[in-house]
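For clarity, chains are labelled A, B, C, D and E in written order, and residue numbers in each chain start from 1.
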Amino acid sequence: MTDFITLMKHELLITVIIFLLLFVKIGKGMKNENLLTLIQVLLLLNAIAGFFFNESGSLFADMFYTSPLVAFQKNVLNIGVYLISLLFGDWLKKTPHLPEFFILLLSALLGMFLLISSGNLLIFYLALELATIPVAAMANFDLAKKRSSEGAMKMILSSAFSSGILLFGISLIYGATGTISFGELVNQINGSPLQVLAFVFFFSAFAFKLSIVPFHFWTADVYEGSPIATTSFLSVISKGAVAFIFITALYRVFGGLYEIWYWMLAVLAVLTMLTGNLFALRQQNIKRFLAFSSIAQVGFILVAISGNYTAGTSSVVYFVLIYIFSNLAAFGVAAVIAEKTGKENIDDYKGLYKTNPFLSWVLALGLFSLAGIPPTAGFFGKLFLLTAGAEKGNFWLIIIAGLNMVISLYYYLKVVRAIFMDKNENPIEPIQVSASVKLGMIICALGIVFTGLAGKLFDYIQSLIA
Amino acid sequence: MNLLLLIATPLLTALAVLFCRNQEQVKWTALVGALAQLVLSVVLLLLYNQERAAGNTMQMLFEESYALFNNPPINFHFGVDGLSVAMILLTSFVLVAGILVSWNIEKMTKEFYFLLILLALGAYGFFISLDLFILFFFLEVSVIPKYLLIGIWGSGRKEYSANKLALMLMGGSALILVGILLLYFNAGHSFDITELSQVTLGNRLQHIIFPLLFLGFGVFTALFPLHTWVPDGHSSAPTAGSMFLAGISMKLGGYGCLRVATYLLPEGAKQYADIIIVLSAIAILYGAFATMMQKDLKYINAYSSVSHVGFSLLGIGMLTQTAINGAMMQMVSHGVMTALFFAVIGMIYDRTHTRQVNEMGGLMKGMPFAMTVFFIVGLCSLGLPGLSGFVAEMTVFMGSWQNADTFHRVATIAACMSIVVTAVYILRAIGKVAMGPVVNQDHIAAGDVKWNEKFAAIILLAGILAIGIAPQWLNKLLSPTAEIIMNRINGH
Amino acid sequence: MPNALTIALIPLLPLAGFVLLGLFGKRYTGKYSGIIGTALLLASTLIAVYTAYEYFSHSQGGKYSNIIAAKYTWLQFAPGVSIDMGLYLDPISMMMIVVVTLVSLMVHIYSLGYMKDEERFSTYYAYLGLFTFSMLGLVLSSNIFQIYIFWELVGVSSFLLIGFYYDKPSAVAASKKAFIVTRFADLGFLIGILVLSYASGTLDFNTMISTLTSPESSQLKTAAASSFLGMSVITWGGLLVFMGGAGKSAMFPLHIWLPDAMEGPTPVSALIHAATMVVAGVYLVARLFPIFAITTPILLELIGWVGAVSAVIAAIIACTQTDIKRVLAYSTMSQIGFMMFALGVSGYGGEAGLGYTASMFHLFTHAMFKALLFLGAGAVIHYVHSNEMKDMGGLRKAMPVTHITFLIACLAIAGVPMLSGFFSKEEILLAAYHHNPAIYWIALLTSGLTAFYMFRLYFNIFWNKPYHAHGEHHGEAPASMKFPLILLAVGAALAGYIPFGKYVSSNGEPLASHFELSFSILPVSLGIAGIAIAWIMYRKQSGLPEKVSSGLGGLYKAAYRKFYIDEIYLFITKKVLFNLVGRPAAWFDRNVVDGLVNFTGNTTQMVSERIKNCSRAKYSSMLCTSCWLR
Amino acid sequence: MQPGLYHILFISAALFFIGVYGFFTRRNLITMLMSIELILNSVNLNFIAFNKYLWPEKMDGLFFTVFIIAIAAAEAAVAIAIIINLYRSHHSIDVEQAEELKN
Amino acid sequence: MLTGSVIIFYLLAALTLACGLLSVTTRHIFRAAIYLLFSLIGIAGIYFWLQYEFIAAVQIVVYAGGIAVLIIFSIFLTQQAGDKLAAQTNQRKIFALLAVFCGFALTMLQVYQHEFYLSAFPTGSVSIHAIGEQMLNVDQSGYALPFEVISMLLLAAMIGCIVIALRIKNQTEENPPAIGNSES
């Protein structure tokens, strides 16, 4: 029983919070402000608690397994969720369905935890759905907005379609190997054509979830339509979670098909980076912009994954942590501005620095980090991704990735330019940033600055893998 | 001496600047910080010479290492040799001068100084790093400050220039990165220059890695077809920005070409030496001819920088000890000279509000000090003895001539020819701006330079003269580095 | 012998003057600047004269050894190859320091009067100091690179002084031209240095000469063996070095800067463009003479021809010019041509080395009378405020001292017996006669022309009716200007009596001076004929000049327009270099190189724009596409 | 011919691709949802067939099917809720009319 | 050998596929839903044929009885039942057909090439008891965890549906506000 509690600590904590929120909802006694504060506190405690008593082990007949690495991955996601609760406070306070939002969010988070911990295709599938369906509902939380509903609809249809493909793949795998347990699958994978076909289906589903080109089309619309809180959750937390399990699945389960998926990864990485970048180049809406840029970031993650397990995992985990800080910083600022002024276009950001230096610096830091400019952590994150990718010795991939960094710098700089350089007759008026949001931004900024320079962290992540 | 001081001082200065309350405080804090760095770098020079005099023959002195990451092994591994010391000295000179000439900046003063010092920080870090990754880190650190300096405080087509600069430099960095990673994976999983220098890679690998690194750093140092960010970037940047760009940033590339590409990959250097020579000879002449046609003072200096930096690349390509020595001297010399040149252009611009040569004339009447400096720096640029440019160029020529085949000879002669073309454009500029009849009386009425500008000019002039009049100290400082590189090239 | 430090003071005192006056002149010393500068130079001159005296009075069996008084490694290129700053004492350098300091002192004194109303008085003296320093450094060089360094410094001080009246566009243009043309020549010099230093493995004169002249030396063998375009490497090196010398010494076809250089203040012209700097080329050739004479005699022949051609061309042009300073400038060029071909017709050692001695001798005498001529012309210009001959005339009454001294100089340069020019010119002609008759005849013609144009000048200035009355009649020049004139006149008259061959010769052995009366008849009579023709044409006011000039037609016009050499240069630089190289390079950079970068950016943007539209496409077709792409 | 595993696999694959075809060609949200249901059913059929013919000793396939059905229900519920919401806000559930998301 | 069982199988297969095909091709949305329903019933029939009665039952209850009905209701709610859908462009149809056909061919090829080792003793029906027991079992081959997960999922879905579908009155706006404006 103690095993059960320590090993499933993360999931249990989340569940507890979900039920707490349910009671609160039923009780109806709380104002949104107070409730949000409560949630923030709970999530903070949750995030902190995640760091203690992490052990390796498995439960439920290997359906669930955990290890310090997995726990760390969960902690990373926890931190991200905590930051979301801080950064999007303005919007959250206004939404009439605050507890529901968090119930859905946390359910999705729970799904992600289970996803990372899954030791079995069934759990994997269920967790994936658990991580997706609530998010689709969350995407519709700007209830009166048509865009929001549309986004939600696209999200759920795409995800259902991709689950369909995934399931077809899983069914073939099941047929070809007779097992759905990861542990047994490893030994059954022998590269027979049917397995390869099944794997391709399986892979496509991942491609959908990670919005790898050419399965990325839903991303931009969903990102733009959803409330920013949902968007950021989607682009940061859920991508991170899927990336984590993706590596595990590729190396730990389908390691036998390495030759096949290596090339798939390489090609898709190139396509993804290129397409994401090229799309992002021309976006005017900041959310869409960040959406496409996050597609490009996934391309870099793929590069890292293509290297080898140890380097890939460590760099991806590290990168996701940094990516959480960076992207949330950008989304946070975008959210504050959208909430206070309703402006979402990059052109509206012109001259922002004049009126809102704090927001500008946070946004700029975030963007620099996303672009991989030192001394921000994004530099280290991206370099480790590339270093991991280079393990295989495929340097064309790295050159292309490098050139893509150049393209991405171009569009990140476009925003920076709008903020700092462009003149504007009527810039966005000075915005009063509430304390919790500010706290969130400061945490992000500090994270951006210090995660990279705290080399011990990366060493720690590596020590978890060994 | 603890080299960390060289990073800590600018860092603290930058932070202190951020916490200043008003413009005056900002300025003085920055100046004090910069002067502290100047003192530090001079002390470093003295200590370095003292150590060498005491017979310390280690390649790098004052080595220190602080682990940052264990795997991949990335350390803040610092150490200096003569070249680094010279470059650090250069950086601190230019920083002080840059801060002084920007004394009257009104717009976002705090940010300006912050970025300026950050730029210097990047340069210091770059020059003392012995770990490729950290070197790369510091190289990249300086990109964004440049971008912002040009974009916010620049003039003309500043956005375009800033973008072009940032992207081209980033592109260069991408190549460098790939090169570094290739090195890392093929030379025993190490980023450490001293360790890598013990490894001899196979020729094929060297032939692959060298061009990546050299081209990458070449972008920074305006290697011929990749130089196009230089004219626009330099001319759009604010005065201090141009000074830094041309004076230091371009040197980062040269330093990298030498320390990383050539030193670590001698076989590659040999393989590609001819191409480098051709490109740099083209750059020298072509830059000079292109300069001849420019009407804008900043463009003149920017293009002439392309030409001048060509000398250091030529020196590297020639692969003789003297030539490499000359290349390094040229880096230092050009750094000081071009910074001063831009400073003077800034002074002129502040008073005439134009940079078009045709709109000026007879400024000697109104601003004798500025014009005298302009004249001296022009002479330095055209390689007049007694000023730094001469020393460096002659060393390059002497070194180049040691390659006794027709190809090298022709390249050297081509490079030599630029001294005439340089004379043409420099004298045209001087003749039009400083001499001749007065074109606009307002320019004369604007008065001569202020104390801060004077001080800045004097500091850099001192540098020019110190190298120009008695070059042997610099030569002594640099030649061990050249010798080590040559030893590696010759396979000792 | 004075110690090294004292000798070092010779160039350093003027340098001190430059630094002192340059930094503090305007604010602190003001009108005392001239005094300070002159005083420093006086000291320098005294030391120089003393040093020379000491040097020449310590011969070893009549032979003067080369002494390196001091040497300091300035820049070490490689083991054995370094630029050393040294003090090199040998007969010609001793002769030169005397000439340079003396003429410079005269000019300093003269300028006290001539420039006293000048606003930038102290700057002027600073520049003079810089020039004198550089020139002295040049002549005292022990190292070929040292000579190059001072060579350049001389060039820049010349630039500064020519462009002294910087608000005059013509002065600016002239200074630029002077610098650029000599710079172009220096390019050759530089490459020559590279070639020679590589061949000999050193930059040091002594070592270089001994390596490149001794037939046993291995360097010489390898260098002589390797040839390029049919000439040996040493020849190339020598040729290129000579190119530098030709540029500085205004030899055809690199002479075009010299006439324009007259835009500078007249004392400057006297100092730089008559007496000292322009002979640097001759000095350089003399310095490397053993190499030329022993290793590459063919080159020496070329030098002879270049000198001769320059001499005659310049003389012809001088006959047609109306600006008195320009006449003097071409005359200078012509005389330097004499010195140059004198070297060209010389051999090494013994009797054959007569040309060398003659050349140096002529250099020495020429410095006196040409400086005198310029200073005299300066006094005239000072008086009439014009350079044009037509503005002058009948000045002999108004300025007697100037008149007399000028006449002496004219006689000296015309080669009238018993004056200095006679002795040196006779030796040159003698040398030419023995070695190269063709050059001898050219030289003879030139010396006749010289007499003619000098007296054309003389008559036009000092005789005839005043062309127009001068508004103000201030007196003749002040004492400060007269004194140098007189002193130099003495020099011009008497310098020829120095037994020059005893001190200066190609190999250091004393050379007895030759004087054959029979040989002198032809040149002297030619000189007198020249004077007579000038007298007929210009003294008599017969309108003959116009007739002659129209009679000569095209030739006259061509000579008046300096044989269109300027135009050719202009064509090459403006039309060819600017339009065909510079402009295309600039265009190429802006459009092709830059264009490529922009093109990359634009293409990316365009692709992005394209596929952005694609992302707008309908949802299901997008999915369709996406699956299709799989 | 005795129907066996391959027959059922054929049916399921055909059904799967019919669903895919529907998903590609349909523009109406509800019909797209239906296509997805077909896909999920084909998967179920696969699982059951494999379970039955190949690995009858364990009930993995069977359970998988059960869970898929449950999830399909949840998914459909959410999807329909969104569709209804969408319809209420702009009276059309045609994807291509729902294109406000443009930039 | 054409036994009754075989005929039934082919009939069921034909029903399933035909209805499935019609469901995605018909232009009447209501008919599409009905075809879907029949297709689902056909699949349920195949489950019966395979003697997996439990699954068949679940299929009938959840799919035919739940999802299909839900879909039909939503059609009623959002559309006139007689509405015809707009025709698809041929281009897209061909595109989709091509993609689908290739995919199908590839899949079938791989499936037929693969050697499945048929189980020696295919079981008959599975007892509901056994299913229930295994479903809630925590040890080896138990499905307690998936069961819990799905319960969370259903909870979340339910809450999501409630929030989305039960809009508060004043939030309903006929014309949604311009892009970027926040709600009242």
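In this section, contacts are C-beta pairs under 8 Å (C-beta built on N, C-alpha and C of every residue); 3 or more make two chains touch, one makes a residue touch a chain.
Owing to the predicted nature of the structure, the values given are computational and were not obtained by experimental measurement.
Find out how few touching-chain steps suffice to connect chain A with chain C.
Minimal hop count between chain A and chain C: 1.
More C-beta contacts across A-B or across A-E?
Spelling it out, more C-beta pairs touch across A-E than across the other pair.
What is the identifier of the chain with the smallest separation between its Cα mean and the overall Cα mean?
If we average C-alpha coordinates per chain, B lands closest to the whole-structure average.
Measuring between mean CA coordinates, which chain is farthest from chain E?
Using the mean of the C-alpha atoms as each chain's centre, the farthest one from chain E is C.
Could you grab the centroid distance between chain D and chain E? Build each centroid from C-alpha atoms only and quote it in angstrom.
The answer is 4 Å.
Taking the mean of the CA coordinates per chain, how far is chain B from chain C in Å?
37
Please compute the C-alpha centroid of chain A, do the same for chain D, then give the distance between them in whole Å.
27
Averaging only over C-alpha atoms, locate the centres of chain B and chain D and give their separation in whole Å.
Once rounded, the distance between the two centres reads 64 Å.
Two or more other chains in contact with one residue: find those residues in chain C.
Residues 601, 612, 619-620, 623-624, 627.
Can you pull out the residues of chain B that are in contact with at least two other chains?
Touching at least two other chains: 167.
Could you check chain E for residues that touch two or more other chains and list them?
92, 95-96, 99, 107, 111, 116, 141, 143, 146, 150, 153, 157, 160-161, 164, 167, 172-173, 176
Chain C touches which residues of chain B in the complex?
Contacts found on chain B: 164, 167-168, 225, 227-229, 231-232, 286, 289-290, 292-294, 303, 321-322, 325, 362, 364-365, 368, 379, 382-386, 390-391, 394-395, 397-399, 401-402, 404, 412-413, 416-417, 419-420, 423-424, 427-428, 431, 434-438, 470-472, 475, 479.
Under the touch definition given earlier, write down the residues of chain A that touch chain E in their complex.
The contact residues of chain A facing chain E are 15, 18, 59-61, 63-64, 91, 94, 96-97, 100, 103-104, 107-108, 110-111, 114, 122-123, 126-127, 129-130, 133-134, 136-138, 140-147, 152, 172, 175-176, 192-194, 196-197, 338-339, 342-344.
Show me the residue ranges of chain E that touch chain D in the complex, using the header's touch definition.
1, 5-6, 9-10, 13, 16-17, 20-21, 23-25, 29, 32-33, 36, 39-40, 43, 46-47, 50-52, 54-55, 58-59, 62-63, 66-67, 70-71, 73-75, 77-79, 85-86, 88, 92-93, 95-97, 99-101, 103-104, 107-108, 111-112, 116-119, 121-123, 126, 130-131, 134-135, 141, 143, 146, 150, 153-154, 157-158, 160-161, 164-165, 167, 172-173, 176
Touching residues of chain C toward chain B in the complex: what are they?
Per the touch definition, chain C meets chain B at residues 26, 73-78, 81, 83, 145, 148-150, 152-153, 156, 159, 163, 166-167, 169, 171-173, 175-176, 179-180, 183-184, 186-187, 190-191, 194-195, 197-198, 573, 577-578, 581-583, 585-586, 588-589, 593-594, 596-597, 601.
Can you tell me which positions in chain D touch chain A when the two form their complex?
Against chain A, chain D makes touches at 9, 12, 16, 19, 23, 29, 32-33, 36, 39-40, 42-43, 46-47, 49-50, 54-55, 60-61, 63-64, 67-68, 71, 74-75, 78-79, 81-83, 85-86, 89-90, 95, 98, 100-101, 103.
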